Structure formats: structure tokens, C-alpha cells
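Structures incoming, each one as C-alpha cells.
The following pair of complexes shares a single chain, chain A, combined with chain B in the former and chain C in the latter.
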Partner chain A sequence: MTKDKMSFQATAGTAGLFVVAAALRLLLFTAFPGLPNLLTGRVEISTPVTSFKRLQEGLFLYNHNVNPYDGGVYHQAPLLLPLFSLLPDPSTYPIFTYILYTLVDLLSANALYKIAESGEGGASRLYSSPRKEKRWNGYVVAALFLFNPFTIATCIGRPTSVFTTCAILHAVAKALSGNIFTSMLSLSFATYLSMYPLLLLPPMVILAYDRTYNPKVPKSLAQLAGMCTLAVSASLALLFLSSYALTGSWEFLSSTYGIQLTLTDLTPNAGLWWYFFTEMFDSFRSFFLGVFWLHLSSYTPALTIRLRQQPLAVITLLLGIFAIFKPYPSIADTSLFLSLVPCFRHVFPLLRYSFVTASVVLYGTFLGPAFYHLWIYAGSGNANFFYAITLVWSLGLSLIVSDLAFAVLRDEWEVERPEMRGKEIRQI
Partner chain B sequence: MQPFSLSSLIPLLTFLVPFVAASAAPAADYHEQLNLKPLPQNSLLASFNFRSNTSLPEFEAHNFRFFPRSLGQILQHAGTRELHLRFSLGRWDAETWGARPWEGTKEGGTGVELWAWLEAESDDEADHKWLTLTNALSGLFCASLNFIDSTRTTRPVMSFRPEGDHPNTTMANMHLLHGVLPREVVCTENLTPFLKLLPCKGKAGISSLLDGHKLFDASWQSMAIDVKPVCPTGEECVLQIEQTIDMVLDIDRSKRPRDNPIPRPIPNYELKCNTTKSYHADDTCFPTDSLNAQEWTLNQIFGKSMLGKCPLTDSNVPPVCIQAPHTRDVFTSMDVTELKEPGNENQRCYLLPNNEEEFHLALPFMPRDGDHPKTDADEFVQPATPLLYAERSLTGHGQEHGGVQAILTNPSPDAEVEFVYMESLPWFMRIYLHTLKARISHRTGSDAGQSLRDDNDVIKEIYYRPFLDRQRGTQLEIRMKIPPGSTVFMTYDFEKTILRYTEYPPDANRGFDVAAAVITILPSNSTAMTGGKAARMSNLRTTGMLLNLPTPDFSMPYNVIIFTSTCIALAFGGLYNILVRRFVGRNEGPEVSLVKLRKKLQDAVQKFKGRVQERLGVAGKGAKKVEGKTD
Partner chain C sequence: MSADIKNDGDPKPSSAEATVSLPATGIAIVERKEPPPEKESDTRRRSWIVLSFWLIAVFIGLPIWWNTTTIYRANLPLTQMTDWADGKACEPVFPLRIALDVGSLPEQEAQNLLRLTQHALDDLNDFSGHHLRLQLAQAPTEATTQVRDDSNVALTIRLAPGDAAHTASSSLHPHLPILDVQYPPNSLPTANSPSSGLATYIATQLGSTFAEEQNIISYLLETSSITPEHRPKGISQEVVDTVSKRMTRSLKYSQTYHLTFSLFTNGPVPSSWDIEAAIDEYMKPVLDMLKTIHDFTIDTQVQLYASPGVQSHVLGKEDLSSFINAAEWPLSPSIGGAPTVNFIVYIGNQTIGVPSETDAAETSQSWMIPQWGSVYLLAPPPAEAAHVSSETLKQPILTFTSHLLTLLGTPQSGSVPLRLSTLARIRSADLLLRASSSLGSLARLTLALPSISIPSNVANGVVKTIHHLELACASLGGAKSLEHARIAEHEAERAFFEKSMVGQLYFPDEHKIAVYLPLLGPIGVPLVMGLLNEIKAWKTRRSQKLKAA
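Up next is the complex of A and B:
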């Protein structure tokens, strides 16, 4: 009885939260009609592979029977085209797009709510943190996501990365609730939209395995991993085939994923790749592209092995890594990473550099647009201004990631050595 | 066998030669004419036209007479059926100068423009032949035509039609390719090979007037070469090469003596002011439209005199014509016959005698006051209004987003104008076609003078081939119809791309040239189009644009590689350090070598300190002793 009442209160609370968040977004959309297009044009929000303006161009070409992949503007997944052509034209009836993006944000928040409520952050199957009592409930985590300025700016700027965010969060939420196949389907969607989420497959399999583990009928992890890989490849194959049927050629593969591998479009963004490959010597370009991708994928096995007991921490850390080292990162990726960090409320006291990282991120947030303005509009600065700020931003984020990794590992270590709580330690 | 047949043929040939020559004379002829046309605001349009024909069988047998051999061989090698090459400079001021010469068909956008119909089985073969053609022409004309690569080549669909008469069998295999080099600076080195193609090679006839100093100093100039097959009805088909040079000379500027080319400010008393302005005073001057009366001689404005007529031309065709009101005085040298066409009294032509004497032509000063005051109407024929005014400009600021606005005005009060607007844009100008908008403002009608309103009805058809990064540029062709007395504002947005640092030219901050938009005005009655051979179309071109792209810092590729790599190494090292190392308490675990080393060092320092102090103690005593001694 009391439990029912409590859950009812919780739903009423989250419903209220969702209503307020949706109202805030719709208010921003309608009260500042110029804001969506302004944010769509910002390089921190829209990248060549997620930009809403490019989506509109692709949609325009698609609706006028021009193959959008036979051009250099549209680099997004083909299935977004029929989805958006169902909506009325965004330039005449923008309200439908606003509602769609608000709904996607709410869906992501809902998935995040479930993730936080599961308590996986503090206690997984193999590991239970001594600090697990100290955690935030789903309401707070969802609120932190919904009212994060990065999330709001992303929602108003309407890049298609919000769909990837939503798919990733749902994949995690479904894996936590034990729906392995839904989770894998969701992950396939995320992969189909942006490719990099495929690197989340190993921790996702482990997460799903841990959550469905039944001591009475133990299944082997290898078997489940095989099944999951099969499920992901089958659903990806299905998605690719339907895309092929839709566009009539395989050109979309090179245009959508090839550009992320070869980085032919060097539009500035918050990441490290664009300026590096602008300045790169032609003969070394392919070599460094290989090195950068190898570097990006090297984190998955390392983190998965080291943090075997806490798969959610692996996923969170990997999302942080992707937000820094992806070919075309934007603040949408940062907001996804930051939305999962509050699930680890219990390790916050173990963070060493929280003040430094917070300052660096704020520094980057405010100086980034300013320096970009100096370079592009005022002409009083050059490209190095914005490049410098992307370096600072990336270093700040990587500090958050390694600090979180440190806190999670120290928390794990204190299970073995409870007497070392609060003591100074070192690593050998 | 062979000697016999040859020897028996020789008498036959000698007998045939005069006959063949007589019959071929109209087919393989040469024609040249200079048209002078005084324009408002003290300008003069000079149109040189050179035309020669050769019959197709002779051409295929490599029997070149008037047709330049160098060009002919290139055309044969590259399978070119029709060729158009343009070298242009400057801007045609349509507001003042009116309609363009040759209805704009013999001009190109700023820089070099080339389009040709090549005979090929497939697109790849056509591309290959195009490459051959551009490289060969590049050598022939000393122009960077070899830089017309796939990113600058388009295959226009609606804008160009073959001008020559092609048999239907070859039409099926003809590929049209079009390339522009907007950045190419047309110069004397392009004029010299151009003149070499002429039968008289600039030594006699009107071509002897051409001089690089004056031609490339003109306000606007365009050199054109057109090669096309022509089949006059009932006659043998001929291959025609037409070379045209049009230039608008600023008379004051051209008359400036060669030895004193530096412009100096005119003294106050020589300024021509518009005295009707209310603010006209001793110290203010609003210049009059017609700065000076048209007063010049052929020698003055071309810097050379014309050396008789080219002996290869038909003696009945007058080589020089002038289009001026019949009240205009024109003086010429002796022995020159003035011809006036009966229907066109503003046209006067001059037939030269068959000798090599210099030809002189002078337009004397005509007083604006006195007994018989002359007006502008006596100086020049009022230029015809063009069918369409077009201008194009970049909008927006900053080096990220931008827009293009084309303002197209139909000046006619009663006829609508239909045309194809073609843009070939570089790939680094990422255009967003969904932002293409046409707004219209009417000068007449019920909504005259009202603010602009959206009207996409003026756009009838769009052909769009999007760009591909580093592979091909954008090709945009729009068929539009503008109602009478209206102006259409066509706009679209684009995004500026940041390039790899090796892809920028040495003067990257100057900007990138964007080729002129080509406007092809379709014949007004649509039946003319369907009736087999296309009726004469007219063209016009907007000016080029200068596109500023964001630039990286060119001086620091090494620094960027090092900084980014350091950043990645810090992140990678930081994280892996945490992942692979074990935790221990501050005072636990084995001593790390570094700590050991530090301890060792500290011990050594302590020892050293002790020893030094010991020594110092001894030395101090010694020093005191020495001090005592010196005292």
C-alpha cells in the first residue's frame, strides 16, 4: 500500500518535472523564434553529421527526387528522411519539429530516470559499493539532464544527435530491465544513426548479462555475447537493407559513415580532429586517421576488462571518451555523458579535481563562443584562438573522465581495504 | 602502276585547279570587320570580328587554308565538334552602355571560359577528351586551361545549345562540357597566340590595331573564339572559325600618351561640372555625365594606326564601320569610300583601297555652344535597352555563413522574359538549395511599388547537381520567367568550408573567385524553340564574386600536430595510468625507484653539505689569518 503510494507520488513528481521541462523548451522555441536557427548554426551544437540545416537540405533533395547522398551536404542516416518527411515542412510549421524534439528529450529523461532508479550505479551483481546508500533518485538525475543548459541548447538547436542520445539511454535502460533484445535493437539504432555507439557493445553485453544472471540456471557470457552480436548485426543488416531500399543505392554508406572515417568535411567543432587534419601533411593524413580511430577504440577493451564489475561505469566513461575524441563531437555528446555522471553520486566525495574540472568546463563554455566570434566574425583573432579553446575543453573533459575513473576504482579498492577510507593513497 | 596513274592525273589536276578554286571561293573565304560604336559617358565600343571558313572534307584531309592549323589539329585530336573559348576582363555597364554586343553571345565571365561539344561514346571518354582538349588549348593560348579539372567542369543541361549545324547522327554522341577559370588574369600573352591564328596575323587589316597595352587597359573586354560547322541551305557544309574581340575603351584613358601614363588630378579649371546642381560652387563639383565630347582619332585610342586592309578579304566588304548619328562629323583618309546602308542611316562603313597605306579615321570636336550647338544625341546613338538587367552579390558577414542575392530586372513595359540562370559554384561553397527563394517587386500593375513578396512562381524549373567534396562543384540551372516591369530578388544561403591548409592558394586571405552566373535568355516565342534549329538566344553574365573563406594558421602545422598529440597523450596516459596501476596507502608498498633515487640523492646532498661545512670551517680560519697579514 505504502509502496504503491510512494511510486504514485514519484510518477506524479516526474510527470510534473516532464511538464515543466517540456513547457520550458516550448517557451524557448516560441518566445524566441530566432533562437532555433541561431543555435542550429552554432558549430558547438551542429556538426556536419548531425546538423538540422543539413537535414533540411537532405529532406528537400529527397522530396525533389535528387539523391541526397550524391552531394556533399547530407551525411545523416537515410531513415531520418522518411521520418521527417512525415512532418509538415519545418520552415512553415516549425511547431511539429519542436514537439518532436521535446518528446525525444522527455523519452531520454525517462530512460535516464529508469537507469537511476535501478541503482546500478552503486550496486551491480558482482559489486556493491560501501557508499551505495548515498545516491540521487531518478527524479533528480532526470531533472539534472532536462535542465542542463547543454541539453536545452541541444534540443533548441535540433541536431539529430538527440536521437542517438535517446537510443543509447534506452539501450542502457532496457539492458538494466533485462530486455536484452530491445536493448540490442536500441543500440543498433544508435549505431545506425552515428556509428560510434557500436563500441558500447561489450559493456552493454556485460550489463545485460549481469542483470539477467540467474544463479540457478547460469548461462555462459560467451553465449550471450554471441547472441547479442548476432542480434545487433541482424538488426543493423535490416536497417541497412531498408535504407538501400529507400535510396536505391549503397552510396549512403560512404556518405554517412565514410565521412566519419575519412574526415573530408573539416567544419570546426568542439573536438580535436578538425584542426589537426586541416594542418596535417597530405602524406600522413591516412596514417593519422588510422591512429585516431585506433586510439578511440582502444578504450573499450581496457575499460571493460578493468571495470568488469561495474559495466554502467564503463558505459559512462566511454561516453565521456567519445564526447572528446569522436571525429565530430558536439555538446550533445557532453550532455549525454554528464547526464549519466549523477548516477555515481556515491563516488563524488572521492573526486580529486572537481573544482578544477568545473572551472575548466565553464571556461571553455564561455570562451569558446567568444573566441570563435573573434576568429570568424570580428577577424581580430585567428583559427588558433578557437583551436586553443577546444584543447582546453578536451583536456577539461578528459580530466573529468579520468577523475571519475579514479573515484570508481578507489571505491572498488576500499571494499578490499575498508580501513583505508579517507586516507591518502598512491598508485604503483 | 602508280607512276603511270599519277602522271596521267597531273594534266587533269592542272586543268581542274582554277575550277576548284573558283567553286571553293565562297566556301573558304575570310571576312574581317571592325565596328566602332560611341557610347555614353565618353566610351567607345570597338568590336573586331574575324571569320574564316573551310570546307569539312578539306578540314578532315588536313588541308588548312584560312583555318589555323594548330587549332585545327587540336580539335581533330580531341574529337571536338564545336568549341567556344572566351577570355574576358572587366564589367559591362548595362545601365549606361545598354544592350551587349552580339547579344552577349560572344562574351564570357571574368577570366577564361571554355565550352565544347565533344564526340564520345561514353561520359568517361568525353572526360578524357576534355582533358586532352584543355591541356592542348592551355599550351596554345598560354592560359591555365589545364587547371579546368573535374571540380570546375560542369555539363550544363538547359543553358547551352549547339550553335552549329550538326547531323543528327553525331548529335546523339555529343557531350557538352563547360569549364570556367574565374581567377585567370587575361593578358598580353593570351592576345599574341590569338592574333597568330588570324590569316593576316596582326600585320595588316584591322588586326594591326590590336595592341595589348590598350586592349587590357579597356573598361571591359572580351576575346572569343568560336568554331562550329555551318551548313548553309543548298551548299556544302563548312567549318567556321569566328574570332571576336570586343572592348569598351575609356576615351580619355586611351588618349593618355604612352610616355606619361600616370594619371594626375585635373586642374580645377579643367573640371567639367554639372552647373545645374544646387550645391555647385567654386569648391564643389558634380561631374557631368558626358565628361568630354567624343573627340578622337583611330591612332590615338588604339595607339597604332591601321596598316591598310588585309589582302585576303573580299574587297567588297568594308573593313571598318562606325555607328554614329548621321549628324556626327567623321573624317577619314583619302581614297576611302564611305558607304551608307539605306535602311540604317546611323551606320557608316568605309571601303579601303587595295593598297597598304595607313587608314585614318578621326572624330573631330563638335562645339556644344555657338551657332550650331551639338548635343549628346549628335555624339552617339542612344543604346538599346537590354532584355534583362542582372547583378549578383554576396550577402551576410563573417566567414561561416553567407548568402547570394541575384537581382534580375525585366525593364520591358509589356513583354515578359524567360531565361535560364546558371551558376557553377566551387565545392567549398556549400549551398543550401532549400533556402532558395525568389521575391518579386512590380513596378507596374495593381501592387506597384509595394514591398517584396515571396513568389516562387517565377521559378519554372530547377536543375541541380550538388557538389561533392573535392570531386565536383555545384551546378545549378534555374529556368525563370519574369513578368514585365518587375524585379526578382533571388537568394540562397551557403556555408563556407574550411579547407586543408595545402588547398589554399598562396594569398589565401584575398579570397576565392566564384565564376560569373550565365544567363541565357530564351527566344520570346516558344515555337521558335521547338522548330528544329534553336532560334538565336542571347546571353548575359553577371560579375564574378570574391568569396572569403576562414583560414587556418598556415605557419603552424607542426605546432598543431604537437599540441593535439600532447592533449591526446595526456588524456590517454592519465586514464591508463589510473587503470593499470594498483592502489596502496601513502606509506605502504615497495619503494618506487624514483623515491629511492630521491632518498639516495638526499643522502648524497647531506653528505656533501657536511663535507663542505667541514671544509668551510677550515678555510674560514685560513682566511682570517690572511686578513691579519694584509692589515
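Up next is the complex of A and C:
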């Protein structure tokens, strides 16, 4: 019976799934007209660098021939403006925006489907897990992404981070299918929109290298890395130049990436930075900005070296780390991370804290909005309430990340020491 | 987390333990099984990971740390600054030039009179900070043109033979800085006489004219940061008391003052007033004369149904301070740079119960509020007239004008032009001293806190301050002095209250440990431990290799 079901899913393909997911989103958009604007205002979804409200402000200025960065509200990439000015005004004809965001979600799900179908999670060029048979197919992984409440809330809140999500997933999918340059172009788009995806370049290069590796004509990794770096730099330069042509000045660099680098906007969010930097002594501010950014970027080389054999795992773990430690994280980043986790279905039996992490994340999800309400609207709490719950939330996420890292490493280790399978281990 | 991953990667020690039962004793002995030796590739990989963290920390982290936490200390001319504060750099001396216009007297006699009067002045004046220098008016023609040409002359004495046979008399010209002295024709000194009644008389008159200025300036010196040995001789305590009372009443010096005229009525009428005409007519002339010292901006407002802070009909002395209804009356505090001086005309049926006896300028209808402004109570117009004419406002505006002069710190004796030129001199001395003391404070602060950063604009401000102080000191008593002193004071204040320095004022070095330890400890410990482990492993490998060799 199970076999029948599987085959049915495979033949029906993903069309039915996509239709249902799109219908659900459009239903939520239209049945609850107040919902999009409510979710747009939530700090967990909209950060100063992704907010749809701020995008509209920038759009208004742009359409009235004013520099969109005047006024210090808009901190997003300039090329989003012509895209959105093509759409009818979102306040009068919101349906077009809804359709755009739904489509972006479906595109992401499609990329994710390809990633899961490639089987890279369980078996890469250099490493094949003994548990690789136990995996979810693309249909399930895409469904888990499309019906994840975080993804749906993000879609309805319409932050521009969904474009970054889509670009990253496509970069991975294209790297898996061997289209190196499309992958690098996609990564450049993600970098252009949010900056931090640039840190994914090393594992992405290794992923592309592994997938295009031909034992008969072995290429050098350094050569490919150089080519990829060149491709990313060239496409980024092109994007920057077109942004310059669009806005007429280089000011957008300091207003978009500068804001992320210097954290000038201290609007509360689900991350750990804002509270630190409201409390920071002014003379140490720039130093600790450097420390926080270094901390964020120091994971890339170490993880890439350690998990050289499983580049997709590196990308997944890095996305989890970014969702915790980047300057303006939101649940959009969490949903991107969680969407890739099911690709490692085979290591799920090795997870040690699945119950704890699930409860901590749920706890954070429900208490976060409540404490934010107590602080901002009811006035019966203070900033520490909300910050405490973001700490819990980050703790939950870091538990997932470290647990997944542990499981992946244990899986690797058991290949080396097959006699230790299923036994209790201890760290020395 | 990084440490986690590294260690997780190591071949795990087996926690599986072999239990061997000894049949004889029945005691289970736990024997640990050794993990298999680590693979060469794993060791190398771990070294690479530790190296990657250290490379980032050393090649990116250290430069960031160096760049963001080095304290920039611009060079300040500290000795010069303390010299100014101690009064070593500038002798606070006001040379005042007095022109003697002798009219038709022959040259010889005029010189003689000049010499004797100067002598008498020097005998009379024991305060070194204030020199009166007599000179003959250059062109003995029209004194008025003379005054305008040479602004450095503080006062002109116009001598004229009078009718009185025995006594000399003098009077100050009301609109020009001229002292008219009429002398009996026979009192002119002869060529060889050692003293002269007329000379002594003139000297006494001059002394009394400038007595108030002298007192104020010596008071300023007394209260400044200048060390006693560089300070001219002190003044008596009672003079200090009176002067300090007057000085605390006046507003802090500012280039611009904002004058707000408010009409408050307790009923629906009157609702309009001819304030513009009244100001133009009664106050403008004084404001024009003050133009060389201050600028003024003016606004007016009318508020109906305004109830004062005190409801009683007859206001006692203690009521006067609470009369202003600060909560309800729209009296703006100083917004922007210029301090506000408030003038309030209140129309109601209240009167003051205790007429002031101390101050002649205060009528029973008005009183002055120190450093704030003044209030005038006006009786309601008879026929419920909705308009207050400019004639009705004459008395209030004249009162306000005299209050304004007091609030600005103008001395109270002498003619108006003399009072104003005195005001300019007092203000320049005041600003000069304040700028100097700010410089001294900044120098002390710099020495006391070696960890405070000094931005280059502070150094620029100090250099500018010293430059303008020198100019002001050189032209002390002259017209340019006030301008330079004002720039100097402004620059000194800006340098002292530099934003980035004020924040660090209360940041002791111990706080740095509190900042670094909790935040960097969790990062530093795994980094250092990883490095130590690597070094240890490398040493063992080497010794093994040596042994094998």
C-alpha cells in the first residue's frame, strides 16, 4: 500500500501540491484582508532591511523622482524598486503583489524539490551515508516548505527576504544540476539583495565542483574557485553599476549594506544584535560590530573544511547559523533553514534533542509575540521581556543547528567505525 | 559551537567498557578499551580548522581591534592653555583713554592741566586693572566729530570757563560720552604749581564716573580662575556682595536675545494692542544703541482669559514670584540658540501691595524677575475697549526698556552712552575670563584622563580660541575686543563640550575589563584552548618522530 502511494505521488508530480499551496496563500490573502498588513508590521517578520512597509515608502519616493534613500527609512536594494513599480499600486490592487509573492514561494519550492530529488543530502561525490535509503522525496520536502507556518506567515507579511530565499535555493539547485554559472549568478542576486549570502560562496563552489567532477578529466578545485569568484564579482559589479545608473549615486551602498554593517537602525527583531548595541558603550560600538561580523563569518571556512565531503550540509548549517547570528534576522531566515533540514532525513534518528528543540522553538514562537505586546502595547513589560524570548528562540535554533551538525558528523564517523553503530558515545 | 564540531569529529573514545569478572572475588573490574589511533588526515584537518579560526582572528580581528579602539589624542598646547587660565598670558588691564578738550586754552596751560590731572588720577586710582589715560583732544574744534572718529576714546571732557566764581561744576551729556566741566576762570593751575584744585576735581569726577565699572571688573577678576598673584588688588567684601547681587540678576551673555512681548488679559477684552508701534517708538532707540553688543529678535502674543498663578487682588511680596502661571501661559523657554527675555503685560484688577523701595525703576505696577524678564500690571481699560493703544503702552514699554538694560547687566550709573560702552567692556572682560577658564578646565581634564580621546576638532577649537583670546587681549577696551572675546568663548565651550569626549568622561579603565571579558571570553577560551592542544599534539608527534629516528 505504501508503495502504491509513493508511486501515485511521483506521477501526480508537484502540480497538485503547488496549486493547493497557492490556493491556501491566496485564500489567506483574500479571506482576511487585514492579515497582510498585520503581519507586515510584526517585527518577527519584517526587519528594517526587508520590510514591505519600508519598501512602499521607498517606492513612493522613487515614483516621485526623489532619492529613495532620503529620509532614512528604505534600506533595501535599489533594483527592487523598478520591479515593484511595474506592479499596480499595492494599496489599491493588492492582488498583484499577492500573486507575485505566491509565485516566488512556488519557485523556491520548485528549487527545493530539485534539491531533495538530487539525493545530495545522503550521498555526495566523496561520501555516501549508510542510511541514505531512508530519505524523503522532493514532494515531501517541498510540501514541508510550502506548508510550514513560518513560510506562510513570511509570504503573507511580504518582506523582500523571500527573494533572497528564492535566489539561494536556486543557487543550490543549479549547482546541483551542474549549471555553475547560473548558480553563481543566482548567488550574486542573493548577495546583492541581502549581502550575507556571499559567505555561502566557498561551500557553493565545492558543491558545484563535486557535482561537475569528471574522474576522466579532473579539473582543479582552485581553478574552479577562481572562475566562480570571478563570475560572482562580475555579476555583482554589473548589479551595482545598474543600481548606480538607476539611483544616480553610490549612496545606496551605505544605505543598504552600510546599515547592515553598522546596525544604525536598532528596531527590535528576533535576533541578538539590537539589544547588545542599544546597551553598548559608544566608544566600543565599532569594535563590537567588527567582532559580531567576524564571529558570523568565521564559521564558513571552518565548516567548509570540516564537512568537505558534504557541501550541502555545510550550506544548511551555515543558513541555520545566519538565522541566529545575522544582524537583522527574521522568521524568513528560519524557514529557509528549516526547509533544507528535511534533506537530511537519514540522520534524523541520530538527533538527540528533537523533543527539546521542538518545544523550545514552539515556546519562542508563542511567547515572542506575547512579550512583544506586553512591552510595546500594554506597557507592563520592558525590552528585557522581548529580548529574553529572542534569546530562547535563538537557543532553540542553535540547538537544532548543533544537533544537526552532531548527527551529520556521527553519521560520517560510523562509516569509519562501523562497530560503534547505535552505541552511546562520549566526547574526549 | 566550533569547538563542538571539531571535537565531535575526533574519533570517539569508546565508552563501551569491557567488564571482566573475577571469579574468585566476584568483584567486577572495569577496564577501559583504548580508542584506535587518530588518522593522519583527521589530525591535519583539525589543524587546518584551528588555523582558519586563528587566521581570521589575527589578520582581520586584530586590525579591527586596533583601528576601532586606539585612542586618538590630538596635541593640545597645554602650557599655553593653563597660562591663559592662570592669567599669565594676558594682563587684564583696560586702558581707557580720556580726551581733554580744553577749548580755547593755550597749549602750554592745557599741557600743564593735563599733567596735573593725570597725576591726581594716578594718586586716586589704586586699581591696576583699570587705567585712565588722559590725552588732549587732537583737534580742538567740534568735540562731537572727534568722538565719532576715534572710538577708542571712552570719554571726552569738555572744559569751559563758567560763571561761578569759586566752585567747578560738571554734568554728563545725556546722549554723548561727554563730561562737561565748567570751571571758575581763576582756578587754572599756574605753570609751576604742584597741584591744582581743578585737576583734583576732574580726577575725582572721573573716578566716580568709572567707579562702578571698576568694581564690576575687579569682581569678575576675583571670581575668575586667575591665580591671586596675577590678579590686581582685591575689592572689599561689601562691594563684592552688591556686584554679585546685580550680576546674578542679569542674563548670561549671548550675541542674540529673543524678546517676547505677551499680553495676558483675564477676560475677553482687550484682544489687540498696538505693540509694534509702541516698541518702535519707545524701545527701538535703546535697542539700536545696543546693536553693537547684542542683536534682538522680537515676537509678540496675546492670550485671553489667562488666569495668573495667584488669585488674590492685592499681591504681596511672596506672591510676585508665583504670579507667572508657567503651566498654562504659553511662555516658551529658549528654543534655538538665543535666550528668551519675557515681557508680560497683564490686564486685570490686581495691584501690588508692597511698593518696592529698593529700586527706583520699579513702579508699583511692575517687577523684574531675575534672568527671566519682567511683568507689568495694567488696569483694565475703562469702556471695555478691545484695543490697547500705543499711548497706554508707553509706560510699560519704558519700564521694560529699563528692565532690559538691567537684565543685560548694564551698570546703573552714568549717562546711557557711557553705560553701554561700559557694558561692552564688562562683557568682553567676562567672556575673556570665561574662555580662559574653559581652556584651563580642558587642559586639566586632558591631564587627568589619559584614556580620553581628543578629536582633532577640539584641537582646532583650542587653537582658534587662543588666537582670538590674543586678539581680544591686545585690543582690550577697544571695539574689536568684544567680538574676539565672543568667538573665543564660543570656541572654547564647543571644544570643552565635544560630544565624543563628554561620553568618555565617566569611563574608567576598569570598565574595559567588564566590556572585554564577558563578551570576548566565550570566544577567546576555545580559540586559545584549540591552539594549545594543537601545539601539544605537535610536540608529541615530534618527540615520537625523534624517538623513531
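The working rule: the second predicted complex is superposed on the first by the 417 of 428 C-alpha atoms of A that agree within 3 Å, B and C clash if a C-alpha of one lies under 4 Å from a C-alpha of the other, contacts with A are read in each partner's own complex, and residues count from 1 in each chain.
As a convention for this text, a residue touches a chain if its C-beta (ideal position, glycine included) is under 8 Å from a C-beta of that chain, and two chains touch if they have at least 3 such contacts.
Keep in mind the model is a prediction, meaning the values are calculated, not measured.
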Chain C versus chain B on the shared chain A, clash or fit after superposition: clash
Partner chain(s) touched by A:401 [first = chain B, second = chain C, both, neither]: both
Partner chain(s) touched by A:297 [first = chain B, second = chain C, both, neither]: second
Chain B versus chain C as contact partner of A:410, first or second or both or neither: both
Which of chain B and chain C A:286 touches, first, second, both or neither: second
Touched partner set for A:420, first chain B, second chain C, both or neither: both
Partner, of chain C and chain B, that touches more residues belonging to chain A: B
Candidates 164-172, 200-208, 272-280 or 398-406 of chain B: the single one with C-alpha clashes against chain C: 200-208
Footprint overlap on chain A, where chain B in one structure and chain C in the other make contact: 281-282, 295, 298-299, 302-303, 306, 321, 398, 401-402, 405-406, 409-410, 413, 417, 420, 423-428
Chain A residues touching chain B - in the complex, by the definition given at the top: 41, 43, 53, 56-57, 59-61, 64, 66, 70-73, 91, 264-268, 272, 274-282, 295, 298-299, 302-303, 306, 321, 324-325, 375-377, 382-384, 387, 391, 394-395, 398-399, 401-402, 405-406, 409-410, 413, 417, 420, 423-428
Contact footprint of chain A on chain C as seen in their complex: 1-2, 4-16, 35-36, 39, 45, 48-49, 52-53, 56-57, 60-61, 64-65, 68-69, 453, 500, 503-504, 507, 511, 515, 519-520, 523
Touching residues (chain side chain B, partner chain A) in the complex: 397-401, 427, 430, 432-434, 462, 464, 466-470, 495, 497-502, 550-553, 556-557, 560-561, 563-564, 567-568, 570-572, 574-586, 589-590, 592
Touching residues (chain side chain A, partner chain C) in the complex: 281-284, 286-288, 290-291, 294-295, 297-299, 301-303, 305-306, 308, 321, 398, 401-402, 405-406, 409-410, 412-413, 416-417, 420, 423-428
